[in-house]
C-alpha cells in the first residue's frame, strides 16, 4: 500500500503549501487589479480635499496631505458652479429616458420572446444590431433632426434621442428575462379566465420585477454616460448633463479648477458604481439568458 | 359537463405536421386519455382544445359549440399543466381565487368557493403558504383546486403526474381518478406513460405522428391492437412481432408459455431458444429466439413467479402461444389482418 | 354561416390573436428606431454624398467628391490610422488583462466585493469624467506619476505625457484599455461560469495543474466568448470620441486624432456637415464586418 502514496505526510504538506501559494497569488493579483483600476480615482479623491498651496507645489509628495485637508472645493462646486444644474439635468433626462425605454421595450421584448415565431429571432437580432450603430455615425444628421424639430438647447433633445441607445439593449435584456419565466404561467392564467394582456399583467409582470429594475439601472447609467449627443446638441450650460458639463464648464479659459473638478467626478462616480455593483449579477444573467435561450 | 369533439383537426408548425386531420369525440363525464410517444401531437391537440393554439384546419367543439377563434378564457375549461403552473408570487389562497377574480365574483363569494375547493382536496391548512413551500403532491392538489373552482365543463390535464417521483405517483393517480369521479366532469388527460393510460382511462386514444392509431378501452387497445405501432407501444415488455412470409404475427410475452403449463386447449407450438433470464421478483423475463421464423428477432417470454418450472439459460424448450392470442398484421401497412395459417 | 360567426368572434378577440398582438406590441419600438436611427442613418449617407454645410441653404449631390477630398487630407489619413492602431493595441492588452481579471473575479475570497467595486470603477464611471481624472493624473506639471518617476530618479523634470506625440498616443491607448478591461472581464466571467463544473473537476482528478488547465481547457472552451468580448471592445474603441476629445482634442498637432473626433471637428465645430458625415461613414464597413463576426461567434457560444 505504501507504494501508492509514497509518503502521505509529505504529500499533504506539499498540497497545503501549494494551496497557500495559490491564495497569496490570488490576493496579490486581486489587490494589484484593484489599485490599477482605482488609481485615477484615488488621486482624484486626494486632490479634491487638498489646499491650493499643497496641490500646486511640485516637490510635495502628492499622496500625502502636506497641509490640512479642506472642504472648500466642494463648497465651491456646489455653490458657485452649475454642478447642481448638471446633476438635475442628468436626473431629469435619465428618468424620462428610463420611462420611455420601459414603455417601448417591455412590449417589444414580450412580443419577441413569446409571440413572434419565425420573424422573432431575426427582428431580435436586427434590434440588437441597432445598438452597434454608434452615435459617432449618427450625430451629424441627428443634430440636424434636432435643429429641424427646434429642440436644440433643451433637455428634450436628449430625452428624445437617448432611447435610441437604451431601447435596443433593453429589449435584448428583457427578452432574456421573459424567456426565463415559464410560458405555463401565463397560459394557465388565460385558461383561468383572463385575456392575454390581462394574464401577462397579472402573472408575468410581477415576476419581471428583477428585469425591470435591471433595465432602470442600465438605461439610467447609459444616459448619464452619453457624451457625443450631449456635446453636439446643447451649448448652453443650463442644458448640460454631468458628462458634458463637468469637463467643459469647470474650466475657465485655460484654468482648470482641478480640486472641484475631481470632487465632482468622485461625487458622481461612486453612487453609480455602487448601484452597478448591486445589479451586476442580474445583468450577466439577463444577457446570457437572452443569448442562450434564443 | 360537456362533450368534447374535434373534427378533421390539423396543426402545422411550418413544415412540421404536429396534428394531421384527426377526429375524436368524448363521452360525457368520461376520462379520456391521449397516449403516445413524445412529439406525437398529443399536447398540441390538448392545447388546441384549450384554445392556446389555433388549429390550421378543422373544428373544435365543446358542448356542441364550435369554439374555434375563441380565446381560452371563454371556453369554460380548466387545465392542469405538467409544471402545475402555480403563480409563484401568490399564496395558495390567491392562486385558487385567481380564476374567480376573473369571473368578477365579490370577495365573500370567492372566499366561500376557495374554502369549498380546499376542503374537497384536503388542503385547507395550506391556504396561506406560497407555492415554493409545497411538496409535489400538495402542488398537484392546489392545481386541481384551482381548476375546480371555476366549475369547468372540461378538465384538460397535461402529464400532471410526470413531475412526481415514482412512489408518489401511484397515490396521486388514485387521488386524481377519485376526484374526477366525484366531480363527474369530462377529463382529457395527456400522457406518454402507458401504465397511467391503462390504469386511468375509460378510453384511450393512442397517437403517433399526429394521427390517432386506435381509440378504445384499455382492454381493446391491449388485446386487439389496431396496428403494429399500438401493439409495440402498449405493454411492457411489448408484444413480440415476428415476420413470416408476407405478414407479421405477434403475441404478448405472458401468452408465450412452456408447453408443460400451457392451458389444455393448446395453441401454436414453437421451439424457443432461451439465451438469458431476468429475475424480477414477481416474474421472470426470458430473452431468446424462436427456431424456424425470423431467428434474428428477439422474443421475450414472461413467466409469473408462481411458475416454478425449471427453464435454463442457453437451452431449447418447447413453448406454446396460447390459443386465440396470436395477432396478425400486414407487412407493408402494419395494420391488423385476419388470422393466417403459420 | 358558421364562418361568419367565427369572423365576428375573431374581431372581438383581436388582441388574443398572437400575430395581431405581436405586431401591436412591436410597433412602437420599430417606429422609434426607424424614425430616430433609420432615418438619420439614411440622412448621414445623403449628407456624405452632398455639399451641405450648416450655413448654406444650397444642397447639391456631389457623388463621391467628399470621399475623394478627405482621402487627400493627411489629417484624415492620420485619423484613420490612429483609429485602428488605438483599437488594435488596446484590445490586445484587453484580452490578456480581462482574462486575468475574470479569473480573479470568479474565484472565492474574502473581501471580493471591495475588489470588484474598485475594479469595475473604470467602466461604471461616465467616460468623460473618468477621462478627466486621467487628464489630471497625466498633468504636465503635477502628475503623480511624474512625481514617482522623479522620486525613483528615473527622470529629471516632467514627462509631458500629453504633450509629446508618442506619449500622447500611449496615454490614449492606456485609457481605452483601462476602461474596457472591466467590461470584457464581465463578459468573460459569464463565459467562465458557463463551463460545466464537471470538466474542471475531471481535469483536476486527471492531475492537471493551474497552467495546464488554463491553456488546455479554459481558454479553448472560452475562445468564442473571448472573441465576443474583444469585438465589443473594438467597437467601443473605434466609435468612442470622449477619451481623445477630453484628453488631447486630437493633439498635439493631430497626432492622436481619430475618425470620431475629426468628424466632430469638421462636421459640428467646422460646420462642414457633408465632410463630417463622410468621415464618420468610413467606420461603417468596419462595423458591419465586425458585427457579422460577432453574430457568427454568438451562434457558436450557444452550443455550450
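By written order: A, B and C. Residues from 1 in each chain.
Operating definition for what follows: a residue touches a chain if its C-beta (ideal position, glycine included) is under 8 Å from a C-beta of that chain, and two chains touch if they have at least 3 such contacts.
A quick note: this is a predicted structure, and the numbers were derived from the prediction, not measured.
The chain with its C-alpha centre at the largest distance from the centre of chain C is B.
By the count of C-beta pairs in contact, the leading chain pair is A-C. Work out the mean CA point of chain A and of chain C, and you get 14 Å between them.
Centres computed as Cα averages put chain A at a distance of 53 Å from chain B. Spacing of chain B relative to chain C, judged by their CA centroids, is 56 angstrom.
In chain B, the residues touching two or more other chains are 71. Multi-chain contact residues, meaning those touching two or more other chains, occur in chain C at positions 13, 16, 18.
Within chain A, contacts with two or more other chains are made by residues 195-196.
Taken in their complex, chain A has these residues touching chain B: 118, 182, 184-185, 187-196, 198, 202-203, 206-207. Interface residues of chain B facing chain A in the complex, by the touch rule stated above, are 14, 50-52, 71-73, 77-79, 81-83, 85, 87-89, 98-99, 102-103, 146, 150, 156. Only residues 2, 5-7, 9-10, 13, 16-18 of chain C touch chain B when the two sit together in their complex. Interface of chain C with chain A (complex): residues 13, 15-16, 18-19, 21-26, 28-30, 32-33, 36-37, 39-41, 43-44, 47, 100-101, 104, 107, 109, 112-122, 124-134, 136-137, 139, 141-142, 144, 147, 178, 181-182, 186, 189-190, 193-194, 210, 235, 239-242, 245-246, 259-260, 263-264, 267-268, 273, 276-277, 280-281, 283-284, 287, 290-291, 294-295, 298, 301-302. The residues of chain B lying in touch with chain C in their complex are 54, 66, 68-71.
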